[in-house]
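The structure follows.
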Amino acid sequence: MSRKSLGTIVVLHGPNLDRLGAREPRWYGSDTLEAINGEIRALAAELGFDVEIRQTNIEGEMIETIHREGSGAAGVVINAGAWTHTSVAIRDAVTALECPVVEVHLSNVYARESFRHRSVLEDIVTGKILGFGKESYLLAIRAIRAAVERKGPTS
Amino acid sequence: MSRKSLGTIVVLHGPNLDRLGAREPRWYGSDTLEAINGEIRALAAELGFDVEIRQTNIEGEMIETIHREGSGAAGVVINAGAWTHTSVAIRDAVTALECPVVEVHLSNVYARESFRHRSVLEDIVTGKILGFGKESYLLAIRAIRAAVERKGPTS
Amino acid sequence: MSRKSLGTIVVLHGPNLDRLGAREPRWYGSDTLEAINGEIRALAAELGFDVEIRQTNIEGEMIETIHREGSGAAGVVINAGAWTHTSVAIRDAVTALECPVVEVHLSNVYARESFRHRSVLEDIVTGKILGFGKESYLLAIRAIRAAVERKGPTS
Amino acid sequence: MSRKSLGTIVVLHGPNLDRLGAREPRWYGSDTLEAINGEIRALAAELGFDVEIRQTNIEGEMIETIHREGSGAAGVVINAGAWTHTSVAIRDAVTALECPVVEVHLSNVYARESFRHRSVLEDIVTGKILGFGKESYLLAIRAIRAAVERKGPTS
Amino acid sequence: MSRKSLGTIVVLHGPNLDRLGAREPRWYGSDTLEAINGEIRALAAELGFDVEIRQTNIEGEMIETIHREGSGAAGVVINAGAWTHTSVAIRDAVTALECPVVEVHLSNVYARESFRHRSVLEDIVTGKILGFGKESYLLAIRAIRAAVERKGPTS
Amino acid sequence: MSRKSLGTIVVLHGPNLDRLGAREPRWYGSDTLEAINGEIRALAAELGFDVEIRQTNIEGEMIETIHREGSGAAGVVINAGAWTHTSVAIRDAVTALECPVVEVHLSNVYARESFRHRSVLEDIVTGKILGFGKESYLLAIRAIRAAVERKGPTS
Amino acid sequence: MSRKSLGTIVVLHGPNLDRLGAREPRWYGSDTLEAINGEIRALAAELGFDVEIRQTNIEGEMIETIHREGSGAAGVVINAGAWTHTSVAIRDAVTALECPVVEVHLSNVYARESFRHRSVLEDIVTGKILGFGKESYLLAIRAIRAAVERKGPTS
Amino acid sequence: MSRKSLGTIVVLHGPNLDRLGAREPRWYGSDTLEAINGEIRALAAELGFDVEIRQTNIEGEMIETIHREGSGAAGVVINAGAWTHTSVAIRDAVTALECPVVEVHLSNVYARESFRHRSVLEDIVTGKILGFGKESYLLAIRAIRAAVERKGPTS
Amino acid sequence: MSRKSLGTIVVLHGPNLDRLGAREPRWYGSDTLEAINGEIRALAAELGFDVEIRQTNIEGEMIETIHREGSGAAGVVINAGAWTHTSVAIRDAVTALECPVVEVHLSNVYARESFRHRSVLEDIVTGKILGFGKESYLLAIRAIRAAVERKGPTS
Amino acid sequence: MSRKSLGTIVVLHGPNLDRLGAREPRWYGSDTLEAINGEIRALAAELGFDVEIRQTNIEGEMIETIHREGSGAAGVVINAGAWTHTSVAIRDAVTALECPVVEVHLSNVYARESFRHRSVLEDIVTGKILGFGKESYLLAIRAIRAAVERKGPTS
Amino acid sequence: MSRKSLGTIVVLHGPNLDRLGAREPRWYGSDTLEAINGEIRALAAELGFDVEIRQTNIEGEMIETIHREGSGAAGVVINAGAWTHTSVAIRDAVTALECPVVEVHLSNVYARESFRHRSVLEDIVTGKILGFGKESYLLAIRAIRAAVERKGPTS
Amino acid sequence: MSRKSLGTIVVLHGPNLDRLGAREPRWYGSDTLEAINGEIRALAAELGFDVEIRQTNIEGEMIETIHREGSGAAGVVINAGAWTHTSVAIRDAVTALECPVVEVHLSNVYARESFRHRSVLEDIVTGKILGFGKESYLLAIRAIRAAVERKGPTS
């Protein structure tokens, strides 16, 4: 498509999300990560964005992706998984970002164990979307689109 | 439009939201409630829903609206405002609903006073969207659409 | 019946109790509020009392009923529902009563969420009965009868 | 009386209750335990129950009574006194019972020291009655009668 | 009086204050609300203010009075009664005011139950006066006069 | 003036208040302590009181002033500064006073650091006034006048 | 000795104190319980008291000793050992006593594990002596003597 | 068997364990205590130990068994049941033991109510084994064997 | 050996365990990790299992080992070291396992710093063994054997 | 008396104790400090000690007295009054003492406000005596005598 | 020396530091305060500063020194000793300073009792140095030098 | 330089410190990590040390560096960044070190979010320096020099 891109959205998947589909379908549904990534790519393209998607089980790799990919991004969508509740190091990396950042969760973390109710990211992100399964990611892409629209494209 | 409706989405605005635009624009933006309601109605119609919108400053009125309008609804979008943090009575009313319920907030409540970090609704709703200003409501309408699509229309 | 009344018992039902029967039968049983009120009236009459029964979803209406009906009453039976856990205003209204007051709950609130374990009324009422479904109300009527017997009728 | 018994209600009195009448009449009234037991026996007979009443100051004896008498009972009324607040061992014994169990207290424990507000039994019993002096026991007998009526006699 | 008014002071009385005189005289004294209102009116007039006084037992009515009367006021005196300790919704309404706001209490709330020690208003009002009975209101009127003097009248 | 004095009001200023004017004008204003003391003396005289004013940075000196000056006083106005939050020893000295005692603060301590929200004096004083700058002291003098009027002069 | 007795002091030793001498000499010293009891008897006789000493490892036995021996006693000295920290049942038994009661500990419990810092007896006894080894008991006997002197002998 | 015994292992079962098999099979399995004791005896014999097994519902009896049997033992295996969470008195008795002590639980106490997560014994025992049903006891016997092997037999 | 294997046990060692022998022998003993692994291999072979042993200092590597090796395993033995107390990400990986999982610790973590008393794994594993040094691992192998025996081999 | 002194006991009275007799007789009795000091001197002389008694309302003076008088003393008796609950500086001074130190209180502090239940001295003193009025001091003198007897005089 | 001074560094020693060398050498080392002051003076001179050193055991004296000496100083080094953990009054005095302020401690306070872990100064000083014995002061002098270098001398 | 080295100082930089200069200059200043490392190297050389500097975003790499480089080092300077607050695994690695370890922070962490006030390293390091920007590292090098001087060089 010849339309000028609105920039790149970086989508970050944290630990254990490579096991989606196989892992606890009660909470996470039966879609695989690859299927979800496909829908993210399709919607991003439809809304005019390029997209970079990364999954890692190593905290330091997520930090470095945020450093490297996050600085020029149009927006960041982050599902930090279990690190949401514990990783001040990822928080510090996110704090340095200047674009809109959306925290997402597949499940409604507030209907689960109490240690999942606390997020070390939530007060520094733009907003938070949770509980809608894979739709949480798609709504986050739309939320970034709305933010970008108010400001114009980043490049 | 001759297309069959997917049912009715009930949108509930809690206390002080009648003052939007005038009240603390740092947190809530400068749109009036009426302007936001207009966008909600437009998107709902576009997605095939009827919509009922209510604002009240009296807790008992919100409870009775939930009783009366909520039972047959396709979905409920609730911004309970300050009651989010305190009203077990509204929680009890919401618990009885069977359709998808989305909790929304205009501002990122986690970036504000600590008493706003706790929601008495969050563990019983389907999902939660916050921090995107008026866009929070629009994303919630889309979230209900996605849920209905998976199940078919309610009537 | 020509027997002189022992006075009036005021029975107060708080928020959402108008939905009994329809709402969470696991906790509240399948009797409607009207059916329960019928049994309350029958037992009160059998024990020699007049009875006034009120349900409201508006905290201020319960406060005003306590002011108006509670001052001359032989006893008060109060199921404040969700307000049990939060309403200092109702507590203040109850504190001013001079007759026996019985706090009742349909379900065993201690077997439910921890926020239901705390009552702002419990230390100022005469006693508390909970967990027996509609029987909780009937036992409360008997408890007031026993209290009145020790002191004689109020009028 | 030739009427078939509805089964046996076991009434358990915990530590220091052998001193009723002599001990802190402000909280416990001036009736002796024997006088209260007499009223319990009379009401139980009137309602069609046999009754077994035990008082002990030794926790292990109460546990063994629950094991031995509680298994075949129609209902259990337990005033565990100070153990209410501390004895997980009695809780474990009560948990194994299958009949209705009613926790009772003579005084309104919520109007007293804060350590009396916590009960280790309250979430596993059928219901709880407190604050009505000796009447608390009599209401408990009636509560068991109502429960049995719904299910029919145990033998 | 021909002297130009310094503007209007809005005086708000919360739940149960309509029962002053009858209710717990140990804490609240024996003056009725009407008598206190008379003294408020007299002092306000002497200091050059118009005055609007409202009592309500319904939280939503107090919120709406704050919205409607508070915006143009020279000052607001608020005794939110029990809502002082619980109502984030009233806090949100007060936060939007631009004139001086004085929180008052008849009794010394710190010499009473611990749940009365917490105010959800105290960090957003101009100042706080408590413990002097009806005099608390009169001192609040004077406090607003001093604030207005520093800035000149509002109209 | 030939008018008989209503007795002596003791005004106590705690640590660091000798630096008023120079210290954190955001919270404390730009008046010096001497200027404030002048206004206190003028109002006290106008209302018929003698006045004794003391500032100290040494806790033991404030305790001894309370012992020596407080016993015969018509009233005490105390701004214990930082000791408000920590000094049980000053609390013990104040507890022994029989005249009205008013706790005052220049700033609204509840809008500041959380350790300033706790006062070890607040439950034993007559009342508390805070947030009105130097006016807090003047309102306290009036509060004592109102208390004395109800009881007549102390000598 | 022909001197009339000042009454009986009851000395109560709680669980594990039968092992004194063998058990943790770092905290409890190397005297056996029998040796300590000998010194208690000698001092009590010298000061004009009869003495009853009991050790038990069964909570119910201590309760019953308090019931039986405590009612007519001139004073009670109680080292409840580990029950000091947990037994509300013993507290309830002690509460009913009318004579002076002294809580004693051999070791300085505040220099040990934090769960030993809390006593469920301390607010209802006359006084508390701890940290002086066997001397703690002897000082307690003297404390009772001083109390009795102020009131005269009990018989 | 002519082989010299490695000494005696004392196995202690606390309250309600006499009801194994009948009580809550979800947590405790369907083996009776006698069946488990049989397996314990067989393994102990195989590994060269004598064994003493005691069950009691009376805390003081467990304390006295620890005093009497524990001092000369090769090892102690203790399942204190509900007392694990509350009995400082048993802790004090165990503290005096010099042989290896193993705390065991049939069920995984950490997957149950939060009050079962705290053990007053855990910091003073050698080790802890839990969650394997009757196998927990057998592993404890092996753990003692391993400890004895490192030190040689006790007699 | 021609005997059919009962399947593979995966043994996971967390951070710093590569330094065993050199590191804090007071807590961890003087055996090296290689020596312990040798004993684990010998016992596993004796009991009929294959065994896979992994040590890592990188959380993400442990997560990936659990994903890859854990799914087909007969059992998992996990000493997560310091991550026991902090890593929700490892917890999430373990939660997805279907075989028996045993949490082990060399030292008695409850006799050490309080932050070691909390395990984020303990409520989701089958059972827990701690305090027996290297023997903790060997008992864990036996615990898995007992579990497998009840169910038969996995392949 | 020609008998050689056993050394000097230093008795320290903290803030507000100069007001004894006048201050809150409910808690502190009606003896003046001078009368109590007389009894302390008499008993100390009888037991063979010299005595130094100091009262101060200034924390720094008590610290310096401890430095100067405490180092060579046979024992120290300290009633730190309100500083008991707050002064880490006095704690640090007391920690450096090598002789027996006894913490005393006139009243039973555990029957009073909860902030009086905490002592910053209690874990570093030899022992603690409280609740016996002036007798608390006299028992403390005896406790020091017993300690000295075990060790012989200090000079 | 003819070199122009960079201004005066004020060094403040709090309570009990006059006893250095004699007091708890385990934590504080064996240097006397005078020896440490000598090294401070030597380093300050070498770096071009005048120096004022004060020790006091009276909180009010430290406050007044901060008022008097601190306002014109180039930097302040403060070891507030025990007041570090308790004195809001010293905090308020320090807050008013405009020069760099360094909090120092001789010992590593975090390796000691938990009440020493909290500092009421730490969030308002420039930085904090602790655990290096007398070297802590010397490093603080260097830290002030570095700060002054960035800004130039104060006079 | 021919002078013999005093040994090697290992300097460890934790997560996100590779972004210094770009990241939140309000807290961290505008120097890059490379510039700071240059100053560290220069000062270390001047004081006679070799220096090894490592930055990593992967916790396991820092642990392994501590294992490998830390054992023979003359001293360790560690800025663990966000891991300071969370990583028990790094704490365990540091605990095994025998040389002086200095914890440093660029910013005054106590003036920032409360989760930054807690360090899991602080009680096991030699000392702590914070708040002086890059100077914090240089002071740490000096602190190690002072420690080494007292003991002589490590090789």
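As written, the chain order gives the labels A, B, C, D, E, F, G, H, I, J, K and L, with residue 1 at the start of each chain.
Criterion: contacts are C-beta pairs under 8 Å (C-beta built on N, C-alpha and C of every residue); 3 or more make two chains touch, one makes a residue touch a chain.
These figures come from a predicted structure and were not determined experimentally.
**Q** For chain D and chain L, what is the smallest step count along a path of chains that touch one another?
**A** 3
**Q** How many links in the shortest chain of touching chains run from chain C to chain D?
**A** The distance in steps between these two chains is 1.
**Q** Give me the set of chains touching chain D intersected with the set touching chain J.
**A** Both-contact set = G.
**Q** Copies chain D, chain H: same or different interface, half of numbers shared as the threshold?
**A** different
**Q** Just the number, please: Cα centre separation of chain G and chain J in whole Å.
**A** 23
**Q** I'd like the Å distance between the centres of chain G and chain H, where a centre is the mean of that chain's Cα atoms.
**A** Distance between chain centres: 33 Å.
**Q** Once you find the CA centre of chain A and the CA centre of chain C, what distance in Å lies between them?
**A** Those two chain centres are 50 Å apart.
**Q** Scan chain B for residues touching two or more other chains and write them down.
**A** Expected reply: 58-59, 61, 86.
**Q** Among the chains present, which pairs are found to touch?
**A** A-B, A-I, A-L, B-C, B-E, C-D, C-E, D-G, D-H, E-F, F-J, F-K, G-H, G-J, H-I, I-L, J-K, K-L
**Q** Quick one: which bits of chain B touch chain A in the complex? Just the residue numbers, please.
**A** Touching chain A from chain B are residues 108, 110-111, 119, 122-132, 135-136, 138-139, 142-143, 146-147.
**Q** So in the complex, the part of chain J that touches chain F is made up of which residues?
**A** Per the touch definition, chain J meets chain F at residues 14-16, 18-19, 22-24, 56-59, 61, 81-83, 85-86, 115-116.
**Q** Can you list the chain J residues touching chain K in their complex?
**A** It is residues 58-61, 63-64, 67, 86-89, 91-93, 95-96, 120 of chain J that touch chain K.
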